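Presented sequentially are two complexes of subunit A, the first with subunit B as partner and the second with subunit C.
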Partner chain A sequence: MKPVALVLLILFGSSILSYTLGKVHSLIENTIALIALLWAGTVFAMQYGVSDTFSFSMAGFDIVWRISILSWFFGMMAFIIGLGVVIYSMAFMKDKERIGYYCFALCITIAGTIGIVVSADLISFFFFWEIMTWSSFLMVIYYRYEAQKAGIKYFVMSLIGAYSMLLAIFLIYSHTHSTRFDVLTVMWENFSSGLQIALLSLFFVGFGVKAAIMPLHTWAPDAYRISPSPFTAFFSGILSKMGIFGLILLFYVFSAGSLAAHFVTVNGVALPGYLLAWFGALTALIATIIAIVQDDAKRLLAYSSVAQLGYIALGIGLSSSLGLAGAMFHAVNHTIFKVMLFMAVGAVIYRTGTYKFSELGGLITRMPYTFFVVLLGIITLAGIPPLSGFVGKWMLYEALLQQKMVFLAIVTFAASTAAFLYCYRLIFTIFLGQRPERFDHIKEVPWSMRAPMLLLSLLTIYLGMYPYHLIDLIGKVESTLFGIVPVDMSQSVLFSRMGSVNTLTVMNIVGVVFVLVFVLFNTLYKRSRKVVLKDIHTSGEVPGPHINLHYAVDFYQPFSRGVSAILKRSADRLYAAIGENLENLFDLMRYIYTGNGQTYAMYVVIFLALLFVFSQWLV
Partner chain B sequence: MPFVGAAVGLTYMGIGRKIIARVQHRYGPPIFQNIVDVLKLYSKKTAITHGVMFHLAPNLAITGTISTLMFIPILSGDYPIRLFSFQGDLLLIMYIMVFGCLAMALGAGQSGNPNSAIGVSRGLTQMLGYEIPFVIALVILMVQNNTTSLLDIIAAQNTVARWNIFHSPFAFIAAMFAFLGMMGNKPFDVPIAPAEIASGPPSEFGGKYLALMQTNRGMFAFVKLVLYTDLFLGGAATFVALLVKTFALYLVQLFVGIVNPRFRTEQSMTFFWKWPSVIGLIGLVLVLL
Partner chain C sequence: MNTLPYFDPALMIALPLLAAFLIPLLKRASERIPKFVPLLILGFNLYESIALLPHSLQKPIVVIIAAWQPPLGINLTIGPLGNILALIISLVGFVVAVYNIKFVLEEPGEKYYMLFLLMITGATGMVLTGDLFNLFVFLEITSISAYALTAFIRDRNGAEAAFKYLLIGSISSTMILLGIALIYASTGTLNMADIAQKIGQVDSRITLAALILMIVGFGVESEIFPLNGWAPDAYSQAPTPVGAVFGGIVVKAGVYGLARVIYTIFSFQGVFHFILIMGIITLLMAEMSALRQKQIKRMLAFSSIGQMGLVLIALGLATQNAVAGGLFQMFNHALIKPLLFLSAGYLVYYSGSKDIGDLDGMGKIKPVTSFFFAFGAFALMGLPPLNGFWSKLIIISETVKSGYIVLAALALTGSIIEAVYYLRVVGRLYFKSPEEHVKTKYVHASAVVAMSILAGLALFAGLFPDVILHYLQPAARELMDKTQYIQAVIAIK
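Showing the complex of A and B:
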């Protein structure tokens, strides 16, 4: 059997198997899921650079599944994170209700994701896309009643995306009479400009909903907040990347760089790409500003996720080798650090039962490992060297400056600076400051939750030192699929036309200086005296046991005052208003469909009378 | 080099205190008072700590500052001191500068003092303000010279007329406003505001910790001054020239500080988004044309 078909068979088969056998014992489910993921993952990983194809014909359509190097890139991400999430869920979901349902939905989502990346025709792409959407919808409504609103919102937005994608597929089929990607790539050049605009905007809506590009992001904060924490990590890490995968397909596989011939170019970039870049940059800025004022760890991370995907969309829009490499590097980075952060916040919820900033605080001594993970996570998120977050941002900025897109660069810089604010809020209000008394005796989370987080943290350090290994892979993806010259890079030195950075030197300098300072500082002085948390400078007043000394409510009040003009507007409220107005409009229907049986009887009589009159008249 | 930086920075602060005192008709402390204070703090035997992050914060802060210093060329004449600046560019400097600040903020956070947290919150808010004109100014320089390397930007300013202060005055003005915010002197001393929040973030630090923090403060001031000298004043060929140029820059923000009261927090952020950014954007449009 072809490996690609085998992978899909294992994944889908195992999810059904684990659901049915899971009725016997909940341990079986996890074991089956783990074994299936490992097995499928190994088979998948061995297809590196092989470009294995499996095709058959169904109802007159060619169904093609192929593991190209681009699918390998995204598929491996899904496998690694999926494995981490399954291991994490084992402890997190223990003793919770409906584990079978949870496990089934998680497995089938992973399977759908792999299905998307291996599809090489539009029909199976759409099919797997829908499987992913449906199964993730099941996850969003896991907490039934409280999740109702978020679930409906996610569902409606996904439907809009799916319908516009379906429309685009019909359009393509009516013009090419084929749904294969390779046929589409060849035929795209012959499409008229109007058709191209229609296809681009329909696909943009389809992928943009999943990637949560503003203004299509409104489902994300609610859905991320309400879904079970391990799944939120997968949601933000992998599912949102499928939107990015779609955008890469659209801009580099479907249209294969032929956009520039049909559209005006701005700064050397075809107009669709340029617009996408602006969408991305503005998403990054606005979502970051909204993230800063959230009082809810998961909503904050959700908005942050929207913002980070904005950077990636920006990189894809740039249509240059460096920009795309930056986008893909940042996509990997985002997957790693956002999964770390969502898992860490999940760990906090697991122990404390809350994700409100105003109720948490001072957990560093109670949950040191989780603190460490969050610390590395926010350093990567903020793009501070020497971790890997810096490399991705560096490539994006260099790409922007090379192409003289200065205004985009400034917006992106501003968004990236603003990210420091919510990063600090996240780590401070949960882990630092004063601890509420009721959390004095909580413990660190079990190892099966700690291990995935810590392994991912090691990965960011490693990629910060040797980004070469990842950039090399990205270069291969770029050269084999897009025919773009891969980014210039040797060992640990990053090059662009404008400058260079040696990441290893940065890491070494920071490391050596820190060790020197630390050793000096700790050998020259005796140990310091440790004091309790409340023993602080309070101008002579002794704080009583119930005085709240933790500054967590309205942490950036001056900031929110300063940007109140931006915060006033909301795409969500706009949609709600549109929905309400439409509802009022359709309310007119009620004058016809009154719900009264007599009215309907009258309609029947009138209809018969009319029929009678006309039949007389016609004959 | 870090020691020289710290000494220079602290001496400038001492001179600054003297000048402020004279403006206010006081006698003022001796010029080397700040250095003496730091040495005294280093000789303290005991210190209290609030936890691991509190203990690590001053170490990490000074690590960040020294690392930043390593990527900034100090002298560029016949006997250059370039350190590791050929291994990194301006984008790296911009991001690695934040490393120390973040560490300090984390340490201040663990101290458990609400004033520290308020100070950090204010500091970050203000940072979001001044980074905008700063970034605009840097983008102007980078696009103008078509490089992100600080060494190349210095090399391009080979004659006095080509110094960026004259060559791209809009960038310089925008960057100078950002400089006021960056140095945290008077109109922009919102994060430490002694009268309101008891000097904010460092309020719990004492003894050896405070000593390190003060050293770091002097060194960081030196780093910023050298960075601005490199960016706008053509770098420095000799150490004397470096001192003259950095001291001139130091005086600018000092004099602004003496005659101005403190901004409110949101004002100190939105101020930067108005005129300084507009001036910067005008410069940017001029460069693109």
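Showing the complex of A and C:
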């Protein structure tokens, strides 16, 4: 059997097996999922550079599956994160209800994701896209009672995206009589500019919904917030990347982005790409601002996720070698740190049962590992050396400056700087400050939850030291698939026109300084006297109940006031209003069905009369 | 493929008819016999239509009744189309018969089974006959048993719904009869193949009038907007299995009649555009009306109309692939809508109320039934890997290919609305907390078997669409290319 078919068979088979056999014992579900992922992942990983193809015909459409190097790139991300999430879930979901359902939906989602990346034709792409949509919908509604609204919103927006993609697919099909990617690569330039604009906008809606690009992001905060924490990590880390994967396909594999001939170019970038870059940059800025004022850890991370995907979209839109490489690098970074952060927040929820910042605090001594993970996560997120986040952002900024896009660069810088605010809020309000008494005796999470987080932390340190390894792979993707000259890079030195950075040196310096400080601190700390952390700002007075003692209440209040004017307009509320009004309008249709027999008979007669009057139309 | 031995195809009509009238007699022998008679008869029909399939795919089987050669005598013409529809009808009928074993609790039971078999007789007759007047007679048999079944629960609402259905239905049959009369008067024949051959020589004003009359007539049965006012009431007031049969069988027979009329009998080209436009209007109107329905069966009825709209779009496109897609959609709908009706029937039975609002939390109390409902809803929405996905895909593909992009977008909008109202119901089943007073009775095994068959087939058709399409393509060809049909019948002479 072809490896690509085998991979899909293992994954889909395991989901059904784990559901049916899981009835026997709850441990079997996780084990099957784990074995299947490892097995399929190994088979998949061995296909590096092989470009294995499997094709057949279904319902009159050509179906082609292929593990190209781009599929390999995204597929491996899905496998690694999938494995991490399954291991994490083993402890997180233990003794929860409906584990069979959970495992089933998780496995199907991973399988759907792999299906998407190996699709080399539009029909199977759409097929797996829909599978991914409904299976992740099942996950969103896992906590039944509260989830309905978020679930339906997610599903409906996904459907709108998917159907607009479907229209684009069939527009292509009606022009090329083929849905294969390789045909499309050749044929795209023959499309008229009107058709190209239509296709680009339809695909943009389709992929933009999944990638949560503003203004199509409104499902994301609610869906992320409500889905089980391990799955939220997968959601943000991998599912949203499928939108990015789609955009990369659209711009580079379908070569829609490189065909500047039909379009106006701005600073050397074709208009569609330029617009995408602006969408991305504005998404990054606005989502960051919204993230800062959240009082809910998962919502904060959700908006942060939206913002980070904005950067990635920006890089894709730039259509330059550096821009794309930066986007893909940042995509990997985002996957790593967002999964780390969601898992860490999940760990906090697992132990404390709350994700409200204003109810948390001072967990650093109770959950030091989780704190460490969050610390590394936000360093990566903020793009501070020495971790890998720096390299990705560096490449993006440089790509911007290379194209002389000053305004875009300013917006991106602003967003990136503002991100420090929510990073700080995340780590401060959860781990620092005063700990509420009820959390005095909580313990660190079990190892099966700690391990994936820590391994990912190691990965981000490693990529920070040797970004070369990833950039090399990205370069291979760029040169083999898109015919783009890869970024100049040697071992640990990143060259560019503005200068060069030796990431290894940076890492070494930071490593030495950090270790030194850590050792010094520990020796000094040992000698110091430990005191119980108590709030001393009331100077011994007993504060009345009306005084808020917790730092995290009204955190960033001046900032919130400042941006409240912006936040008043919400795309979410706009859509809700549109939906409501449409529904009221549709409700009028019910007056046609009066329930009165005579009226119905009259309709028949009128219809007949009209037909006779306009009978010439039927000829 | 090994061919199974088959019997005289006329038995597919004769046996149910005979059995229907034997039921009252059999009941005297034993109270329990009547409920198994439909099972037996439909099992035979199912076998027969499967056994016939390889033969009818080769070339239409023409069965001559009472030794009168066509075009003089009445004959059955079993092409791939008729055979597949007969298969669908027998299949749905069989499944509903399995479900019926336990569900018909109201007496008098034997009348129910009698009417049920009559309805099957009529529908099977409609799709198999080669004679236009015969088609009308079978339509009448179907309709009249349908009226009676609508009012089977003898309450006010049922009677009212049945009366509306009767009112509209009689207008429709009158029009069909008028249309047939016009055709007979001008061509002198009632054999459909013969009519198709001779219709070209008739004054086009007469044929146009006949066409309009027949479109309106069959339009009522195939639930074209605005001729479908009877449907929501009839679906929701009839006993559950009857609603399933309406959606799975009666509508299919109506659409078959419409397709025969526009494709085989007449050859007007403008009518396809008309059907296309009516299709999209029907689809959108139905989906919009379904959105805020309070009763689950009414919602399902509107959804059924919407699905028929999609079939009409496919028929209106008039390309080989589109028609095959439309038939696939009919096939899928014939599986899914009964599944939804049967599961909804049990849900309604448990909650004791027809309102969607009273179905809260059924997913917890009745996991099996709720699962089947959710499964059906997912299949109907066209989510892969279930069957609805492929038929919708093919129809939308052909719509865009024919250049009707806006129309495709509108049809997809309809699908989104559909997703919203189905998810709301599924959401209620699973998300809300159940109410206290719900009866905790177990689902009867017969219902589980019936629903499993439907769900299993839906999954199979979704995973292997080519198996189904292999049979649907010849059926579509039969509609597209009427010369083959004419040849088969006339060659008998």
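Everything that follows uses one rule, which is that the second predicted complex is superposed on the first by the 556 of 619 C-alpha atoms of A that agree within 3 Å, B and C clash if a C-alpha of one lies under 4 Å from a C-alpha of the other, contacts with A are read in each partner's own complex, and residues count from 1 in each chain.
The working rule: a contact is a pair of C-beta atoms (placed from the backbone, for glycine too) under 8 Å apart; a residue touches a chain by one contact, two chains touch by 3 or more.
All figures in this text were calculated on a predicted structure; none of them were measured in a lab.
Asks: Touch test for A:Met139: subunit B only (first), subunit C only (second), both, or neither?
Replies: It touches nothing on subunit B or subunit C.
Asks: Under the stated touch criterion, which partner chain does A:Tyr603 make contact with: subunit B (first), subunit C (second), both, or neither?
Replies: After superposing on A, A:Tyr603 lies in contact with subunit C but is clear of subunit B.
Asks: By the touch definition at the top of the document, which applies to A:Gly383: first (subunit B), second (subunit C), both, or neither?
Replies: After superposing on A, A:Gly383 lies in contact with subunit B but is clear of subunit C.
Asks: Of the partners subunit B and subunit C, which touch A:Gly433 in the superposed model: first, second, both, neither?
Replies: first
Asks: Which holds for A:Ile114: it touches subunit B only (first), subunit C only (second), both, or neither?
Replies: neither
Asks: Please work out whether A:Ala36 is in contact with subunit B alone, subunit C alone, both, or neither, and reply first, second, both or neither.
Replies: neither
Asks: Can A:Val513 be said to touch subunit B (first), subunit C (second), both, or neither?
Replies: In the superposition, A:Val513 contacts subunit B only.
Asks: Who does A:Leu166 touch here: subunit B (first), subunit C (second), both, or neither?
Replies: second
Asks: Quick check on the complex: what are the subunit C residues that touch subunit A?
Replies: 160, 163-164, 167-168, 171-172, 175, 204, 208-209, 211-213, 215-216, 219-220, 226-227, 229-230, 232-233, 268-271, 273-274, 285, 288-289, 291-293, 321, 363, 378, 383-385, 389-390, 393-394, 396-397, 399-401, 403, 405, 408-409, 412, 415-417, 419-420, 423-424, 427, 430-433, 465-466, 469
Asks: Would you pull the subunit A residues touching subunit B in the complex into a rising list?
Replies: Going through subunit A, the ones touching subunit B are 362, 364-365, 368, 375, 379, 382-385, 390, 393-394, 397-398, 401, 404, 406-407, 409-410, 413-414, 417-418, 420-421, 424, 427-428, 432-434, 496, 498-502, 505-506, 509-510, 513-514, 517-518, 521, 525-526, 528-531, 533-539, 549-551, 555-556, 558-559, 561-562.
Asks: Provide the residue numbers of subunit B that touch subunit A in the complex, in ascending order.
Replies: Touching subunit A: residues 45-53, 55-56, 58-60, 62-64, 66-67, 70, 84, 87-92, 95-96, 98-99, 102, 105-106, 109-115, 117-118, 120-122, 124-125, 127-128, 131-132, 135-136, 139, 142-143, 146-149, 198, 203-204, 207-208, 212, 264-266, 269-270, 284, 288 of subunit B.
Asks: Across the complex, what residues on subunit A touch subunit C?
Replies: Counting only subunit A, the residues touching subunit C are 57-60, 123, 126-128, 130-131, 133-134, 141, 144-145, 147-148, 151-152, 155-156, 159-160, 163, 166-167, 170-171, 173-174, 583, 586-587, 589-590, 592-595, 597-601, 603-608, 611-612, 615-619.
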